[in-house]
Amino acid sequence: MGGDKGKTQGRLSRRQFVTGALATAAAGPWVLRGGGLAHAGAEEDAIIAAAKKAKKTDLNGMIWSLYYRNMRELEKEFRSRAGYGVGKIQDISVFQIPQRALAEAVSRSNKFDFFHLDSNMIPSLASAGLLEPLDGYMKEAGFKLEMVGNFGSFMKYRGKTYGIPTDGNVHIQYIRKDMLENPDEQKAFADKHGKPLKWPETWEDHQQVLEWFHRPEKGIIGSGSLRNRANGVTWWYMYFHSAGGFPFDDDLNPTLNTPAGRYAIDTYLNLKKVSHPEAPGWGTPQMIPQIAGGKVFSCQYWDGTISQIEGPKSKTQGKFSYGLVPGSKLSGNLVHRSISSPLASIMINKHSPRKRQAAYFAMYMATLKNSTDIVSHRSFTFHDPWHPGHFEGPHSAKVKEAYTPSGVKAIKDNLLVTTPPVYLTGHREFQDVLGKHISEAYVGQIKAKDVLTKTEKAWAKLVRQIGKKKLKGELASYKAAFPKVNKPG
Amino acid sequence: MSRQTKKKLYTLFRFTALGIWFCIVAFPVYWIVATSFKPDHEWFAWPPVYWSATPTMDNYKSVWTSYTKTLATQEAESMQKPWIALQNSLIISLVATTITVFFGTLLAYGVSRYRILSEVRMFNLLMFRMIPPIVVAVPISIYYSNIGLIDTVTGLAIIYIITTLPYAVWMTKSFIDEVPIEIEQAAAILGASKWRTIGEVIFPLVRSGVVATFLFILILTWSEYLMALILTKTDVVTLPIQLAKYEGATEGRVYGRQAALAVGITIPLVVIGCLIRKHLVRGFSFGMVKKR
Amino acid sequence: MATTFEIRKKQRSGIAIFKWSLLTPFFLLLLFLLPVFLLQIYFSFHSWSVYLSTWWEADFVGFDTFAEVLSDERFHWSILRSLIFASASTAGCFVVGFGLALLMYRPFKGHGVYYVFFILPMLTVPVVIAYTFEMLLYQKGPVNGILSALLGTDINVIWLAHPTMAVITVILLEIWNWTPFTFIIMLAGLSALPEELNEAARILGASRWRIFREIHLPLLRPVIFLAVILRFLEAIGEFPKTWALLQGGPGSATETIPVYLFMTTWDYFQISKGAAMSYLVMIVMILIVLSAIRILMHEKKNLDEMYQAKETGE
């Protein structure tokens, strides 16, 4: 945003533009880029024109091959047009890259030109001096970062853009349609509870419906949401944020031991009744086969699993319906909050002499046309839609084919109310300490009420270590990533 | 009970006990091999698939053949093919092990014959081995980045040499101790130089110990994970690191590919292990037993 | 006289050259590593936050970081967990390894096949072991399946998701992985036992058990100590299997010293805290190793004396 000084006098600043777009989106109609679609390829041509001016040199990147394979064809295209492309990659899991990228920051190495990782690491990596702000390059190449709803602010830190998204990860609600809509179940449920069996709107409804359908003796588990130490915490944020919680007050004191915090931990632990006994040890490698294999009634899960379920080899094709994650009325209004973690995006190494070239490459992957190719691949389902044009307009047909129209709608709805996990410097430690305590409570090592007090204590210490003043300065970009709407229109 | 029945009972007990442990050891190994031939949906099936009804070579093809051929059909892939990892692993572990054993044997000889290090110092050497590698990981990675050894075969090999040298000295020393000093004196009287004595008189006598040491150190370097994880980037990748790449966030862990690679990683060690098993036992006494 | 003296002098200088030609590369290697330890000292006495400055600009804080680590509850727990893990897995490795060695040291038909299989786990890469057992240990998985079939009742052990069971599982994995090591050491010890003593004792009418207890065990003591000490020290450093399977979870059940150290330095990037912690761990390890060395030296001396007595006695 720092790049448009001078030029924006008299026009809308980009922040105003984003806020405006957000308001319109919240109001209902789906807003595409101002002026509609330019002729196909214009966006790409501008980037290539800028890229050609840079010296031809091959790039090194840290990226997981499961993500990179979707970009390979585009990389070839970029190479043939710009004269350079990606040389070597370090192929490691997206969960390992944050640590490795920080290690690069520590040694100020220029080995890598770009890193493909969770955007929630932006504050930490930018603070460690690793990241190059991209606004200048974006302006030069005429590239505008457009993401659904408030999503664009996930790429920004203290007013500058540091990430180019490739993947719109968000948790969406999965429910077994065939079971929920079964007339016998409907009747039995209504007889017992005196209310109709329907799509759960709140976490309380969700709990009740799941308890109804939890039938381990028949091989059906109520909840397929993760409860392990590394990922379980992600779910906790949804409960917490929907209950109106925010982890810090304006003076950076942790505010976990609040009604919202207690609500969140109770909701989290209540689901133990309807979860698999092995859930505390299960990550995604164990859970996805359960979901896609039809052994789970409901879960909130990453949106990419839709294309797994609807894939040609799937046993559960057509058996799920997708929608908005449940919300909470704790704050007085019904508030829905989803979560985006990890949210894979490309970041550029400030220490690299090839950062300019890497920035052009990253933008080329994120144009509407190219990103549509990336997110709608039928067998490589790692990247999920994020660009407004993925949901409406001429390019959306391809995306709908991969995710089904109802899946696409579910993704869009959840993106409009999605939140980041602790979007501050020290993200990994904040998150892991919380995750550890939640996991300890889940397996009975500590009491539920101690989770919040213990975490608050550890966080307060961490805030002191990283620096209260510094973190206060980051609070604005953290809060900016929160949606303004309670429920998508 | 007569002696005869006692003996029979003992034999029964012996083979039952050995048989049970045999199964405990063999079953997981069998499972790796079986998994490497299973198609995708059988890796984590409920109930488990003990042997696939439709065995496939896909896992091997996907892991070991060139990327572009299988790109179109495979769900989970690694861009970095294990051939490079295999090559790196072979170079690093063979070079490091050879240097360690060579140097360790010489040091052991010096200690055994000339006390160039006292016995207590020798034991102190073991301390190098006993510092958990994680303890020094950060300073090593910073130091290596500054002297340009990060992400190189040399850098990793040096670490492995240092961490395994104590074992090499200890294992070979016990063999050298057993060689009667008179043999050397005889060689010296015949006018052989020190180095020639070592090479032509001592070495042949302690060969089995050296071979056992070699294998043991090869195992340690071949399967080392943490240092390789921290000190490699794009240019170097070793097999244990490569293995962790076959992991999916939405497909689930890619057990079949991992198994196909694991079979490839393990076979070389098993073959060497079988070849030198006779020497192995003698090499593992660490000087704590006297030869009869 | 003069000539003998000169020969000796020549010999001595020859030995000196030989000695230093061996020791020089050794000391060079140590010198090469020196900066690593210096850096580590630097980090542990300075407070460095990755997010605020470069490492050479960190503030000197003296022993503050050490004090922080020493009062860190998570650190205490991780030490306790590591000690439990290492002791239990060492005991397991030793019992099974020694038992197998006793059953194996007298050759029988098919001896070789067993032998090769028994050392197999040691040849398997730890990460492979972790992933393989992940496939074997789920609740409806093969291990519970086979146990159920064998025992005739439904076995539903939750191996990886229950805090206590998870600890037991990693201990069992360590035993599976490293029993071959104690097995081979004990086999080496057993096959070196002097046969004559056996014969003599048997002629005197001693029972098998007495021979084992009063002759074999004392002679095996040094080997037993060696096996136990080496295994214990290696077990303290175990990381790949625990990390690949459980990453410290469920809860904090498997957060051992290496896991916590890895998290502190590579997840949280609290380099100074990690360095101070490393030093404390190193000091503890060195103390353990030093006392282990004393025990070993003592045992070795006893053994030598015993054999000497035997030789002079004959």
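In this document, chain identifiers A, B and C correspond to the written order of the chains, with residue numbering beginning at 1 in each.
Please note the rule applied: a residue touches a chain if its C-beta (ideal position, glycine included) is under 8 Å from a C-beta of that chain, and two chains touch if they have at least 3 such contacts.
Here the structure is a predicted model, which is why all the values come from computation and not from measurement.
> Treating touching as the only link between chains, describe the layout with one word: line, ring, star, complete or other.
The chain contacts form a complete graph, every chain touching every other.
> Which one of the chains is farthest from chain B, going by Cα centres?
Taking each chain's C-alpha mean as its centre, the farthest from chain B is A.
> Quick one: which pair of chains has the most contacts?
The chain pair with the largest number of C-beta contacts is B-C.
> List the centre-to-centre spacing of chain B and chain C in whole Å, with centres computed as mean CA coordinates.
The separation of the two C-alpha centroids amounts to 15 Å.
> With chain centres taken as the means of their Cα atoms, state the distance from chain A to chain C in Å.
Going by mean C-alpha positions, chain A sits 43 Å from chain C.
> Report, in whole Å, the distance between the mean C-alpha point of chain A and the mean C-alpha point of chain B.
Centres of chain A and chain B (C-alpha means) sit 41 Å apart.
> In chain A, what residues contact two or more other chains?
Residues 103, 106, 285-286 of chain A touch two or more partner chains.
> Among the residues of chain C, which ones contact at least 2 other chains?
55, 134, 138, 266, 271
> Which positions in chain B touch two or more other chains at once?
Where chain B meets two or more other chains at a single residue, that happens at 44, 46, 138, 142, 230, 244, 253.
> Which part of chain A faces chain B closely enough to touch in the complex?
These residues of chain A touch chain B: 60, 65-66, 68-69, 72, 88-95, 103, 106-107, 109, 111-112, 219, 284-286, 288-289, 293, 295, 302, 304-305, 308, 313, 379-382.
> Which positions of chain B touch chain A when the two form their complex?
40-41, 44, 46, 71, 73, 75-80, 138, 141-142, 145-146, 150-151, 230, 233-235, 244-245, 247-253
> In the complex formed with chain C, which residues of chain A make contact?
Touching chain C from chain A are residues 99, 102-103, 105-106, 108, 124, 127-129, 228-230, 277-282, 285-286, 425-426, 428-429, 432, 436, 439-446, 465-467, 470.
> What part of chain B is in contact with chain C in the complex they form?
Touch residues, chain B against chain C: 14, 17-18, 21-22, 24-29, 31-32, 35, 43-44, 46-48, 50, 103, 106-107, 110, 114, 116-117, 119-120, 123-124, 126-127, 129-140, 142-143, 158, 161-162, 165, 194, 219, 222-223, 225-226, 230, 239-240, 243-244, 253, 255, 258-259, 262, 265-266, 269-270, 273-274, 277, 280-292.
> Going by the contact rule at the top, pick out the chain C residues touching chain A in the complex.
49-52, 54-55, 134, 138-139, 158, 160-163, 166, 246-253, 255, 263, 266-271
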